[in-house]
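Take a look at these structures.
Okay, so chain A shows up in both of these, paired with chain B first and chain C after.
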Partner chain A sequence: MRNFVIWVALAIALIVLPNLVSFSQQEVLVFLTINILVVASYRLLTLTGEWSLGHVVIMGVGAYASALVTKELGLWVPLGIIVGGLASALIALALSVPLFRMKGFYFLIGSFAAGEIIRLLWKRFRDPFGGAKGIKGIDPMPDFSIGIYQFDFFEPVSYFYFSAVVVALCLWILWRIEKSPVGLTFHAVHWQDKLAQASGVNLRRYRTMAFVIASGFAGIAGALLAHYIGTINPNSFDVEVMVFVLTWAIVGGTGTFYGPILGCVVLTILNEIVLRELGLEQTRPLIYGLILILSILFMPNGLESIVQKVTRRKDAK
Partner chain B sequence: MFSNILKKDLSRRTFLKSTAATALSAGLPSIALAAGEPIKIGFLAPLTGATAAWGAPGLSGCEIWAEKVNAAGGIKIGDNSHMIEFVSYDNEYDPAKARTGATKLIREDGVKFVMMLGGDTWPGVQPVADRTGMLFSTLLPSDLSPETTTLLAPTEVHPIYLVTGVQWLAENKPELKTAVMCAQDDALGLPSVATYLAAFEAAGIEMQDEPLLFDPATTDFAPIVTRLLSTSPDIVCLDTCYSDYVHPICEQLFQQGYKGQIISATADFYDQLIAKTSKEFMEGFIFQFPDFDDPALNGDNINFDDANGFYEEYNKRFPGQWGAVSWEYAAIMQLWKAGAEKAGSVEPDAVLAAMKDDGKGKHAFGDADWWGTEMFGIDNALVGDWPVVVIENGKAVIKGFKSIPAWYEQHGDLLIKHMSAYDQMWNQRG
Partner chain C sequence: MFELLAQTSLNAIYAASYISLVAVGLVLIFGVMGVINFAHGELFMAGSYVVVALYADRMVPFFVAVAAGLIFVGLLGLLMERALFRPLRDNPLGGLVASIGFLMVLQALAVLGFGVRMEHIPPVTQDVIRFADKISIPVARVYVIVTAFVMLSALWYFLKRTRFGWALRASAQDPEAAALQGISVTQTAMIAMFIGAGFAGMAGALTAPLISINPHMGHSVIITAFIVIIVGGVGSLEGAVLASVVYAFVHTFVTTFFDGVLADITGLALMLIVLIVKPTGLFGSADRA
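And now, the complex of A and B:
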């Protein structure tokens, strides 16, 4: 009953939230929601101990796939978003063949190289990917009405509701996967790989599974982004964006499900709202970098460690 | 959410009404301009990151321009005078952030006009422009298309003006017959490549190799320069490389012993380039963006008010930061001010109509025509003369003004051919 009340309160808060912030903050809220799915899916991969530098490019695969099937084939946008997720998962499956011959640092570099190859292909083939300029005029989500509410997807509030539902569903699936025997095996692959292998666990198969599932959800996030801003190009998914995902995960911490989400929320609010509101636009990279260094120095276990401390204290009382 | 309840259709008119209502309820400026109320202008460009050099110096220039205009009484709209105020948003050259910035500037800050760098960021903003009818400007006319009815390219006709540099080169150094080119593979680089190819072909200069396109993330230019120099060209063309590329490429050219001609769209912070290489190496470097202390900018043909004074003030406040765009956004503002005063209104539709009234405009480098139906599908680019600048004895000097329309009349077919080959014509983009 207590959990039910918490979930209902959270849902009400999410419905009310966009109406309490400014127009531009509503826009930030949309991108934050999408980025939460990116970073949460990234964590699933890190459960197996592998860190990829290609996750944002895989997200881009979903964006390109969804943009193309809706624009060129006229597929309904919600179906296009699902196709985007599937395309990312399929590309990840194909990439897993060479990539999982490597581990650790070599996998990290291999994933970066694979991502760059994909980005170069987008640039090289103007047909169908649009080359360096990418794809413009991507179909938006079609507006619709549910009787008491008219969804106009140009408006950030409408798109926030739509993306929040999609992301919440995806997070629930990711959560269920992590708590399932498969998720526990992911942990074992990371922390006790020799023991897991001795127990009959096929390490490579589980690493591939985590990579494919994480990529599928990243693809959905990419598709959500593409159908909101209406344009994508190879630079939207470059290594700079990947560095942001890494910092969200590192600053938030990857020990818990909520850690990277916390990192994403706190750093996005800091960078996109607080520092801008303080009129520090041109010095934002400097201040953002400084805060990152300080947080890593003084919170090596991430922001999640603060939450854990607080909840432990409460439990002790 | 609540504004959407029971709402069946949202037209541009109802959108503007709801925005005004929201602005009023939030205590923000209303759409109608009250007497003495400042006019807010949006500045939506990269202020940080690799492309910041084409945003931040422009904002500095605008602030100097605004101070001067405000000191002279501001902008006269009807019977009232209004001060000018700039509101900036750093879009980091990212279409998503540009969309957020456009929303903030229009719906929260109540700006009357938004200036952008354009390029990759424009497609993110276009839905906002379509929905609000806000007047935007870009430095990159390759953003123009028949759909972009409220987007103007009133100052920089990038990359078409590049033909003037090659034309001057061919006339003054006819012995140079071969060229190579490199460019970053992005929305700025590619149309520029097509333009230089057309200009070289028109001038009878032979390309020794295909243009070398490099990834915008490139930081090591040694292999690129080695490949460029492998055919011993007379001319190395740096296309529209960002200053973050122009500098290391020039350093590499210097280190690898190149002694030939260099031509580039820009040479931002060329004093630093000279310090990194040598005065002799940079001698004769051709580009397209003058220092505004040049005596040639005192001519009767120049429409930029007190160019020399503007340059002096800029250098006093921001020493060593003068760049290609330092004057450009201010020049756009000069055109917008004239349009608003002529219209007696700051509303986007009225100012746009006034600016394009007789098909002509007062471009910073001389009277010019609203042009571009063939190239961009819409005549929203202001095109006339453009200066050719050469570094002589460590200082940028205007060597002359060349007419872009005159070149286009003779060689327009070449430009269309190369633009088409790179899918850069308006009907090929997107």
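And now, the complex of A and C:
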């Protein structure tokens, strides 16, 4: 019952929130919801102990796929978004064959290389990927009405509601996966790989599974982004964006489901409210870099460790 | 056809010389510290900007500026060792992540200090050595090749023939055993960081008049360096030099006969194939340095 009240309160807060902020902040909210899905799906991959540097490019695969099937084939946009997720998952499945011959550092570099190859292919093949300029004029979501609310996707508020529902659904699925026997096996693959293997767990199959599922959700996030901003190019998914995702995950901590999301929300608020108000947006990479260094040095378990300390103290009382 | 092949080979030798300076530094750091330095491309960039600040803006003689680049970036390396890698010694992934943070800081500082626009550096010399009608090499490139050769030879002598070099290799092979012999792990780490970073800085400084300089140039440098050290075997200095030559020839020839993007794809594909088929690299053993 208490949980139910909390969720309803959260839902109401999310419905009210965009109406209280400025237009540009509404846009930030849209990006924030999409980024939350990216970083939460990234965590599913890190559960098995592998850190990829290709996650943002995989997200781009979803964006390109959805943009192309809606633009060239005239597919309905919501279906296009699902196609985007499937495309990312398929590419990840193909990549997993070479990549999961590696572990740890080699996987990191291998995923980086694979991602760069995909980005260079987008750049090289102007047909259909549009070369360095990318794809412009991507179909927006078609407007529709659900009776009490008229979705007008020219407005960021409408898109925020739409993406928030999609992302919430995805997060719920990710959460269910993590708590399922499969998710528990992911943990085992990371922390007790020899024991898991001895117990008959096919390590490689579970690593592949985590990679494919995480990539599918990253693809959905990419597609959501593409249909919102309407234009994508290879540089939208470059290493700098990957570093941001990495920073959110590390600052938040990857030990819990909410850790990376917390990192993403806190850093976005810091970025949009503090830096923009102070006129320091130019220094964003500098500040992100410093935060990354300071948190790895002094807060290796992320913001979630602070949350855990606070809640534990409360429970003790 | 012969002229084109000869000319492309000369270009490849030039590319191999500065790539090997960068890659050898990266391997040395990994060998001694066990950390992959993602900021290595930005150290190269910092070296280039030292030349911009001293040679282009303040008329300091070019080779003095290059030496300053070596020392300045070497000091940056010492800073990284002290502030990042020493506290994170037991956490290799942490060291890597911290170096990514350092990379962003260096990039942002370059943007703040010099702006995002490309820097133009007056050429050191316009002279060209001509071997035949269509085969020639600018003297500025010869400087890079000769300096790289001298520095790599000096490093080889230092590592194989001096007591410091022995100590360095000992702590790369087995830090605990080395410490028991009275070798200071911290000291060897500092030496390795200074040399590794300094080499990257010098490569950036030397090539500064020949390439386009901007705060984000480190990206392609680090990708190249990764390809080279993976192909060469992550722990092997000789492998890094050999792989630099292989990579430079492949990349230059594909660029000349096809195009630059395809050359990049070929290089990355080469690395992926090596990672899949022989993760220890073509020339390396599994040991470090």
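In this section, the second predicted complex is superposed on the first by the 311 of 317 C-alpha atoms of A that agree within 3 Å, B and C clash if a C-alpha of one lies under 4 Å from a C-alpha of the other, contacts with A are read in each partner's own complex, and residues count from 1 in each chain.
Just so it is clear, contacts are C-beta pairs under 8 Å (C-beta built on N, C-alpha and C of every residue); 3 or more make two chains touch, one makes a residue touch a chain.
The structure displayed is predicted, hence computed values, not measured ones.
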{"item": "Room on chain A for both chain B and chain C (clash or fit)", "value": "clash"}
{"item": "Which of chain B and chain C A:V243 touches, first, second, both or neither", "value": "second"}
{"item": "Touching partner for A:E178 - first (chain B), second (chain C), both, neither", "value": "neither"}
{"item": "Which of chain B and chain C A:G137 touches, first, second, both or neither", "value": "first"}
{"item": "Partner chain in contact with A:F105 - chain B first, chain C second, else both or neither", "value": "second"}
{"item": "Contacts of A:Q282 with chain B and chain C, given as first, second, both or neither", "value": "both"}
{"item": "First, second, both or neither for A:L120, with chain B first and chain C second", "value": "both"}
{"item": "Which partner reaches more residues of chain A (counting touched residues only), chain B or chain C", "value": "B"}
{"item": "Partner chain in contact with A:P300 - chain B first, chain C second, else both or neither", "value": "second"}
{"item": "Which of chain B and chain C A:L292 touches, first, second, both or neither", "value": "second"}
{"item": "Clash-bearing segment of chain B, relative to chain C, as chosen among 254-262, 326-334, 362-370 or 398-406", "value": "254-262"}
{"item": "Set intersection of chain A contacts, chain C complex versus chain B complex", "value": "120, 123, 239, 282, 284-285"}
{"item": "Chain C contact footprint on chain A (complex, rising order)", "value": "51, 98, 101-102, 105-106, 108-110, 112-114, 116-117, 120-121, 123-124, 239, 243, 246-247, 250, 282-286, 288-293, 296-297, 300"}
{"item": "List of chain A residues in touch with chain B within their complex", "value": "15, 18-19, 22-24, 26-28, 31, 120, 123, 126, 130-137, 140, 145, 148-152, 154-158, 161, 225, 229-231, 233, 235-236, 238-240, 272, 276, 281-282, 284-285"}
{"item": "Touching residues (chain side chain C, partner chain A) in the complex", "value": "36, 83-84, 87-88, 91-94, 96-98, 100-105, 107-109, 111-112, 219, 223, 226-227, 230, 259, 261-262, 264-265, 268-269, 271-272, 275-276, 279"}
{"item": "Residues of chain B defined as touching chain A within the complex", "value": "1-2, 4-8, 10, 22, 26, 47-49, 52, 56, 88-90, 93-96, 99-101, 103-104, 107-108, 120, 123-124, 126-127, 131, 185-187, 189-190, 215-217, 423, 429-430"}
